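Shared between the two complexes below is chain A, which pairs with chain B and chain C, respectively.
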Partner chain A sequence: MKIVVCIKQVPATTNVRIDPETNALIREGVESQVNPFDENALEAALQVKDGYDGECQVIALTMGPPQAEAALRDAVAMGCDDAILLTDGAFRGADTLATSYTLAQAIRRIGDVDLVLCGKQAIDGDTAQVGPGVAEHLGVPQITFAIELSLEGRKITAKRMLEDSFEVVECRMPAVVTVVKQINDPRRASMKNVLKARKREITRWTAEDIDADPDRIGFQGSPTVVWKVFAPEGRKGGRKLEGEVGDVVHALADEILEIRKGLSTA
Partner chain B sequence: MDFEFSEDQQAVLDAVREFCEEELKPKAEETDASGEFPWENLRKMAELDLFGIPVSEEYGGLGMDFLTWAAVGMEISQACTTTGAVFGAHMLAQYPLMLFGTEEQKRKYLTPLATGEKIGAFGLTEPGAGSDAGNVRTSAVLQDGYYVLNGSKIFITNAGPAEIYIVIGNLRPDRGARGMTAFIFETGYEGFTIGKNEKKMAFPSLPNRELIFQDAKTPAENVLAGEKRGFRVAMQTLDVGRIGMGIGAVGVAEAALKHALSYAKERVQFGQPISAFQAIQVKLADMATEIECARLLCLQAAWLKDTGKPFEKQAAMAKLFASEVAMRTTTQAVQVLGGYGYTKEFPVERLMREAKLFEIVEGTSEIQRLVIANHILK
Partner chain C sequence: MALNIKEELCTACGLCVRVCPYEGVVVEGNTAVFTERCNLCGQCVSSCPVDAIVVELPKKGDVDTSLWSNVWVLAETEDGRLKGGTIELLGQGRLLAEARGCALEGVVLGDRCDELAKDMIAFGADKVYVVEDPVLARYRTGPFASVIAGLIHDRKPEMVLISATPQGRDLGSRLAARIGAGLTADCTGLSIWDEEPLLLQTRPAFGGNIMASILCREARPQMSTVRPNVFKKPQADPSRTGAIERVAVHLDEKHAMTKILEVIREEGGEEVNLADAQIIVSGGRGIQAPENFALIRSLAEVLGAAVGASRATVDAGWISATHQVGQTGKTVSPKLYIACGISGAIQHLAGMSSSDYIIAINRDPSAPIFEVADLGVVGDVFQVVPALREELAKRLAE
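Right, the complex of A and B next:
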């Protein structure tokens, strides 16, 4: 069994700042971390490995600048057997289409991959497109937003977490599965593994190594144009009704009726 | 001169900090209030290899140094003072084994302590042997392949949950320090029982119990460092133990400062946060400065130890200064929080009670000053 986990290094903050000139994320002075959903994907892969009767290899894969190696070291410290960094000036400026193509090319190069796991989305871009994109480029089935995952022979069964319901689906491997946070609690790396991971060689592949079409990677391969990025206005605090329960209920009912009237006339 | 941690040390510290923030800190109040030994925290720490940081890999440790151990201890203590105290006391059992243990003893006892599979404790203090550490009365006699001990120890941290004990007995109680000998005891050894837990001013979840020896037997091979070398074992153990208490105190002080800082920024009086008032700023600045000094002293003592240089004086200074800083800082933190600081709604009153321990435990401030004076008057 060979599992590839696609991970992304993201700024270690939920308060992402955006350069108003370039509309790009400001990364200077912000520490980096493995995208939290990708940690769930790593954990899901390692759980498969732990419970797998036979040889099972888990490979962490990322595309990014040389410093993204740190994210891979974290993955190795968690227990991944191998890690590959796709790094090349030509990859720069990739949107989700180019990124998923690049990752898919690397997965082809790795070869004989049974399962690709991704977090449902990255906390910086929030697109949730790369996992599905990888599946499309590879021409394999995809299951998104998995909250449960089980393997039986070549069959994958997953419970998908949708907005208002769950859905249980099956498919055959090879496949791509993206996972939600609720699927597991990512393990912490022991200090011995942290130290070992620091000494590990991390494989680096360039565009040439994965036989990438130059027109489909980086800026060149990215049709997405970011027109405008802005921070949404902060939500105003709600209003609190106070007083006797009966009065408050009446007041609340009146308010709702008032809103409904407004909606129906609008 | 270099004040940077190595990349390995930094990697460990980053991981530990995250663990402390996410796992220890949110439960710190609960851990304190429960009155229960923090097993859950300790189990997680064992999984992360945090118990044997300076122990060689051969014996299940991480093969790092005391500097890393000290820095990690500060993080743990800051996040959860009780867990930090257990962590510090655990070293008191490990260190004499590291220093004096035979190969066999290290395999059998140091390894499970370093992996965190078992908790350790160190028993020196007796009703009549506190600051007068050479006055150990627990008698020891070699009989038919066993050392048989009679007497008792008090205030022993980790006693009860601990499974491995380093105990100082005396082959010649009439000759004081010259007969003192270190022994290894395991829970369940014949004649060895754990007595009552002390009800203390703080740290209700940290056991400080009696060790009772009534014809208690430990196999002859469990003598540590040889007969009549127990005073030396005790003194050398306490040297590292002092760094351990220093880091615990820094953690307590650091926690108090953090609470004071966040409160001062939020509490509004006379139309502005009280952090805008210089009277408060002065307090906060003094607290931060003193904590930094205490931290550096502890780290320096650990670094001296790691580099094989004499560190006894610095260890005493670190323990003395850090514990007094913890007392001052926590007192000031209560002052910054005012009436709220005096209530149990905020943790600073607890930290203030906890800080007092460090001025007393493992050599009072007075004893530390004597140790330091002895060094500088040589």
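Right, the complex of A and C next:
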């Protein structure tokens, strides 16, 4: 059994701000982390490995600048057997289409992969587009938003978390599964493993190593472009009601019913 | 885009012929050959056991954008009805179509779609493509992506709008990767750019800390998933007329890639569709115990609202994860969000601060939730919420 977990190094997004003068992203002093949903994907892979009767290899894969290696070291510390960093100037400027193509090419190069796991989305871009994109480029089934996952022989059964319901789905391996946070609690790496992971060799592949078509990677392979970024209109706290419960409730009900009146009934 | 068959690899096994929804490929002699009915839907590519079918996606600048016109809305349905997000897309799609001087067209897939197609016309579509097949009875990635990819290649819409629901995100990204289109996720703004006739797609990123405007200059169609509840629902006009075109497909359950074993609704049939809800009443740690969600539910019930929850209450096991609002839960933007006993951790704010109007009820006057609330009540949830429920029930009964 060979499992690839696609991970992304993201900034701790709650600290990312826009400079209101220049409209540039201020990333200074913002720490990087493994995308939280990807930690769930790593945990899901490691649980499969733990319960697997036979040889099972878990490989963490990421595309990013050289410093994204830190995310892979975290994955190795958690228990991944191997880690691969896709890094090449030619990958820069990739949107979700180019990124998913690039990851899929790497997965082809790894070869004989049974299962690809991803977090449902990354907390910086919040697109949820890369996992399904990888599945399409590999020509395999996808199961998105999994909250439960089980394997039996070549069969995958997963429970998907939808808006107001769950859907239990099955498919055959190989397949791509994206997971939600509620699927598990990611394990914490022991200090010993963190130290060991620091010394581990991390494989680096370039565009050439994965036989990537130059027209389909990086900026050239990305149909979408960010035209501008700007600060959202900030919310400001409004009126505050204090005092007798009866008065407060009366005023609240006025406000709520006024809003409710304006709603469409559909 | 083009599909090519490598004759030296093809074994003429005929699997591609069986999986093709459009009868676009046949076996002639010792190789498969595409016919003029091939819609480039791509279904055959992954089915080929010897990888003899190769996709050539368009390169940047290769697409003649003048061949692509009209705005499409892909319908999402539930229990035989259009979902709220689809209706909103028809409203916004209408505005985009008028700005571009083109038609607004709907696409609906399912096992019985007549009423749905008529509804799409009533909400603004000029024409609706209907694809009916038992395999399409419930949404699944594989068959939906193949059928729609074929339609897109055949009819060449300039823009394709999809709801940013779990279904829409699952479908949109598969579809965009299939046809090499640009896709922008979870848009909260859509307009025609004032410099060139392109779709300007605006969306929040980095947990709502920044907004980004995105363009797709060269690839077609320009695709967006759109956050539900942001755009206004148009009024249905049953007197509107439009064309309905049925598209025949050949689908086989065997090639659907996935099988749905079971659909589980939330316990008690309670309203938890947060993304679609116009009013959400949410509970946080301030309600102190799991049984006190009854207070929240009861207030929600009076208002016909959905029940939301903070991460702390979900992590504590007070309520199921489908209710969680926030960065690691759901992102919502209802017309009215009532936060009860929620302090307003930044995680939570990232999931609800695009709500139209926010009411916060919290004992602690310094709680961060008050910094985003349009109306704040500094008070005891256990007093205010039940009294408010009574007051609303009384007035609504009048």
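Definition applied: the second predicted complex is superposed on the first by the 213 of 266 C-alpha atoms of A that agree within 3 Å, B and C clash if a C-alpha of one lies under 4 Å from a C-alpha of the other, contacts with A are read in each partner's own complex, and residues count from 1 in each chain.
Going forward, a residue touches a chain if its C-beta (ideal position, glycine included) is under 8 Å from a C-beta of that chain, and two chains touch if they have at least 3 such contacts.
Predicted, not measured: the structure shown is a model, and the values here were computed from it.
Peer 1: What is the contact status of A:R188 with respect to chain B (first) and chain C (second): first, second, both, or neither?
Peer 2: After superposing on A, A:R188 lies in contact with chain B but is clear of chain C.
Peer 1: For A:M161, using the defined touch cut-off, is the partner it touches chain B, chain C, both, or neither? Pick first, second, both or neither.
Peer 2: second
Peer 1: Please work out whether A:A128 is in contact with chain B alone, chain C alone, both, or neither, and reply first, second, both or neither.
Peer 2: A:A128 sits against chain C, while chain B stays out of touch.
Peer 1: Who contacts more of chain A, chain B or chain C?
Peer 2: C
Peer 1: On the A-aligned overlay, A:R198 touches which partner chain: chain B = first, chain C = second, or both, or neither?
Peer 2: After superposing on A, A:R198 lies in contact with chain B but is clear of chain C.
Peer 1: For chain C, which residues count as touching chain A in their complex?
Peer 2: It is residues 45-46, 57, 59-60, 84, 87, 141-142, 145, 165-167, 169-170, 172-174, 176-178, 180-186, 193, 200, 204-219, 232-233, 235, 257-266, 271-276, 278-279, 303, 314, 321-322, 324, 327-331, 335-336, 338, 346-347, 350, 353, 356-359, 365, 370-379, 383-384, 387-388, 391-392, 395-396 of chain C that touch chain A.
Peer 1: Sort out for me which residues of chain A touch chain C in the complex.
Peer 2: Listed in rising order, the residues are 11, 13-14, 16-18, 25, 36-37, 95-97, 100-101, 123-133, 135-137, 139-145, 147, 157, 159-171, 180-182, 215-216, 220-232, 235-242, 245-246, 248-250, 252-253, 255-257, 259-260, 262-264, 266.
Peer 1: Which residues of chain B touch chain A in their complex?
Peer 2: Contacts found on chain B: 7-8, 11-12, 15-16, 18-19, 44, 47-50, 53, 62.
Peer 1: Considering only the defined contacts, which chain A positions touch chain B in the complex?
Peer 2: Of all residues in chain A, those touching chain B are 188-192, 194-195, 198.
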